[in-house]
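Next come two complexes, and both contain chain A; in the first it sits with chain B, in the second with chain C.
Then we have the complex of A and B:
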């Protein structure tokens, strides 16, 4: 199973949201990383067929997905960032409705809904109105609808936002298992989710693809650039101004263990640390962070 | 999918509330016709009757007028009325009662064709010429308003009229149904528009559309199913409300075989009884409700905000009423009104008014009687706007 993205571009007026992105998605879980406004959601919406690309195309098994029409939508599962639902619908109503839209026969739909509700712990809320559910549970209903048709290509935009740690772990395990022989593309701000389950990731900035590969391959970009240092609490404000801090951890003796990314060790007593995706993320999007800080 | 789509729309609380309101309003208007029915007679010590008593009194009076109104019978009635009026001070209550049915029912429609306001200025001999005088009146009134071509069409249409005219008591002669039915149908059309306004737009707004659009049947089939479900719902709501109104009205007043020329206006063209007028009004109302629903669905599929859809839809629904007021008597007003999907409905307008007023749409030598246009235009617009709604939905693209 391959999904070939060829020179995909999307412009909204004078603004280019996605700029000539090309890469090939193969079976397994793929992470899509990028700061806000990087073009991740626009790219996903083009892949799902919600947006028409200004130029470029997406090929599935050599066929243009836009020309495939129903055949493409039959193998596609999609969860957008904003999960829109009908306030008066119960979980049961909603999943029934979506199953019909996905062309599932009644009996098959009932079985599949039962399976998914068990897997996603939705059995207790099956008869509850969606509007009365917590954000995390609503998200799980959204994930359930995306999985209803047992899709070959699953596109999930921020699927783990709102899930508690336990739910996130269960969801990651579910996706890892589900991704065998299928393509799963997830975009998330929770970088650790991608780190745990994504075989490969694509990194976007300003609408362009700036990185592609396995986690290990991507981390080469920050090899030798991640450090930890023990800093007295009193010097912390100065340290935070000097370096791009990844994390802070309070230690004994009024000291703080600072993890940071930089071209060279800038704090006294710095030691090299094993890079993680989060470090890469901060390294690549340091400018965006500064804009946000401003 | 169709069943689920209907269920989805019906599950919306606002839909249920609006449907119930429409039904109550229809029943209220029908009951108002009954309990607000009024009759006053000055004979004797003078009596005012209301409600069922007034209806029964009118029914009794009308028995004297029942049947065919031949020229001779018209002349006799005028002679009898003239005689009692001449000797009003000395006439007995029994004599006064004998002319009461004519004065309060049938005779009131006669003076119009003679260009006078009061029947007392028409002699029995002149009255016997009513049918010829009516033809002349139709020709004169139509030439004056629309030109000779329209007058020719009007007279051709009127050739099919069965003379002499019939009179009997029923909903048309005994109630204000001709005024309140259009109000009832207009209210249903407004409710249907409000129900259908969010069908597509609310999903664009909430993001639900993004998910549905990616499903196997999330494009053409979903769009088509939604249009069909919304039209079904509007038709069903219309049928239920109209049935409630008509059932109550007919149960109390009874059907009405009176010639529409006697019950409504001498300018009514064609062979129509009040039963026929009711049927035409109901059919035109249904077509207009369907056209209005389809138009609202098109707006909903085209625009992103349900509130904007609702605003435009209600503005269009109200337009015929405003056009009738602002462009009264101007052919342009009728053109604009009837070209709107809501053209067959409104307050003070609609099929019954069109039948009653002898209006024409004219374009060069072509003249079309407005009731025909009120039937034909929504019949074309309902499928047209449905297809446009489907087209807009399938072509819709989020941001």
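Then we have the complex of A and C:
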């Protein structure tokens, strides 16, 4: 299965949200990384057929997804970033409702809902009102609706936000298993999720695609740029001013182990560290971070 | 190089013989690809509308049922109490307007509760979904408007002027407000506007019923046609790309 994105562009008036993005998604889990406003959600919405591209197209097995219409949406699962529901809905109502919109037969829908509730541990809350559930459980209900039609292409926008660590691990395993022979595209700010399950990732900035490849390929951009250094607690504020800190870990003797990304070792006693996606993320989006800091 | 020259050059080039084996393997691949595709289960209009009954139409029908009950009760009481007879034309108009208002909670509901995105990505297209909902909810509207028409009791012009016109005008106004106003304030503005329309029509029907009924049938039909056109345009707009972009917060 192949999904070919060809020169996809979306403009809203003078503003370009997605600018000539082209790449081909093959079977497996794909990560979509980018800071807020990078155009990830708009790209996903265009893939899901919610927004019409200003130019460019998406081909599924050679066919234009817009021309495929219902046939495309029939093989698509989509979880939006903001999970909405009607206030009177129970989990059962919500899944029934979505099954109807996805065109599932009643009996097939009931079976599928049962399976998904078991897989996503929703059996206990099946009759509960969604508004009374925790954020993590609501997210699991959202994931269940995306999987209802057994999609060949699954697009998940921030699927792990609100899930506790145990739920995230279970979800990652579920996705890895589910992605066999299918395309799964997930965007998340929790970079470690992508690192664990995504075979390949695409990185976006300012509406453009700035990186594409396996985690190892992407990490080449920060090879030799990730360091760790032991810094006395008293010098930490100065160190934080000088370098882009990835993480801090308190050590014995009033010292802090600082992990940072920089072109060269800037702190005394710095040692090279094995790069991770998180380092790459901070390296690529250092400017966005600074704007947020301001 | 002219196209004529290109064509003659191509004709003079030796063409490789067609390999029957390659053709057969290409055909086999095409057949396998076709057979491996997921068959699309047909969704009939009846099924589509039927599946909107439980979640969309039923709450509106319940509201409309309650409205009909209240109307019957009020009319019954007014007939049994001496000197308390209600003005029938005004009651018929008000019933039609209230019937139009019962659909108000259903307008823009997906937008209010953040369901637009998942609904738009589901198999059923936005247009088909909007039409099936309109059809499902419309059944209740037809019942209510018929009841108001019976209540009106006059000829077809009475029904047109006192029932159809207020029903269609209120529906068009309420839907327009719910589409164009801000998400949080739209239900309140729509209710306010519809209440103003209802008060206006009540006054007109109560005090100037005879004057209203002297309106030419073609003028009444023209008002109805304009309201129907406005409703059709509003439904079309509600499924447009521009509207979904607004719902999703682009350009705000």
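Rule of thumb we're sticking to: the second predicted complex is superposed on the first by the 294 of 294 C-alpha atoms of A that agree within 3 Å, B and C clash if a C-alpha of one lies under 4 Å from a C-alpha of the other, contacts with A are read in each partner's own complex, and residues count from 1 in each chain.
Here is the rule we go by: a contact is a pair of C-beta atoms (placed from the backbone, for glycine too) under 8 Å apart; a residue touches a chain by one contact, two chains touch by 3 or more.
Keep in mind that this is a model prediction, so the values were computed, not measured.
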Fit-or-clash call for chain B and chain C when the two complexes are aligned on chain A: clash
Partner chain in contact with A:13 - chain B first, chain C second, else both or neither: second
Which superposed partner A:101 touches (first chain B, second chain C, both, neither): both
Chain B versus chain C as contact partner of A:152, first or second or both or neither: second
First (chain B), second (chain C), both or neither touched by A:272: neither
Stretch of chain C penetrating chain B in the combined three-chain arrangement, among 4-12, 22-30 or 130-138: 130-138
Intersection of the chain A residues that touch chain B with those that touch chain C: 12, 45, 48-52, 69-70, 73-74, 76, 78-80, 82-86, 93, 96-98, 100-103, 142, 145, 149
Parts of chain B lying in touch with chain A, wherever the complex brings them together: 1, 4, 7-8, 11-13, 203, 206-219, 222, 397-399
Chain A residues within the chain C interface of the complex: 12-13, 17, 45, 48-52, 61, 69-71, 73-76, 78-80, 82-87, 93, 96-98, 100-103, 105, 142, 145, 149, 152
Residues of chain C defined as touching chain A within the complex: 33, 38, 40-41, 43, 51-52, 54-55, 109-110, 113-125, 129, 241, 244-245, 248, 250-251
Parts of chain A lying in touch with chain B, wherever the complex brings them together: 12, 45, 48-52, 69-70, 73-74, 76-80, 82-86, 88-89, 93, 96-98, 100-103, 142, 145-146, 149
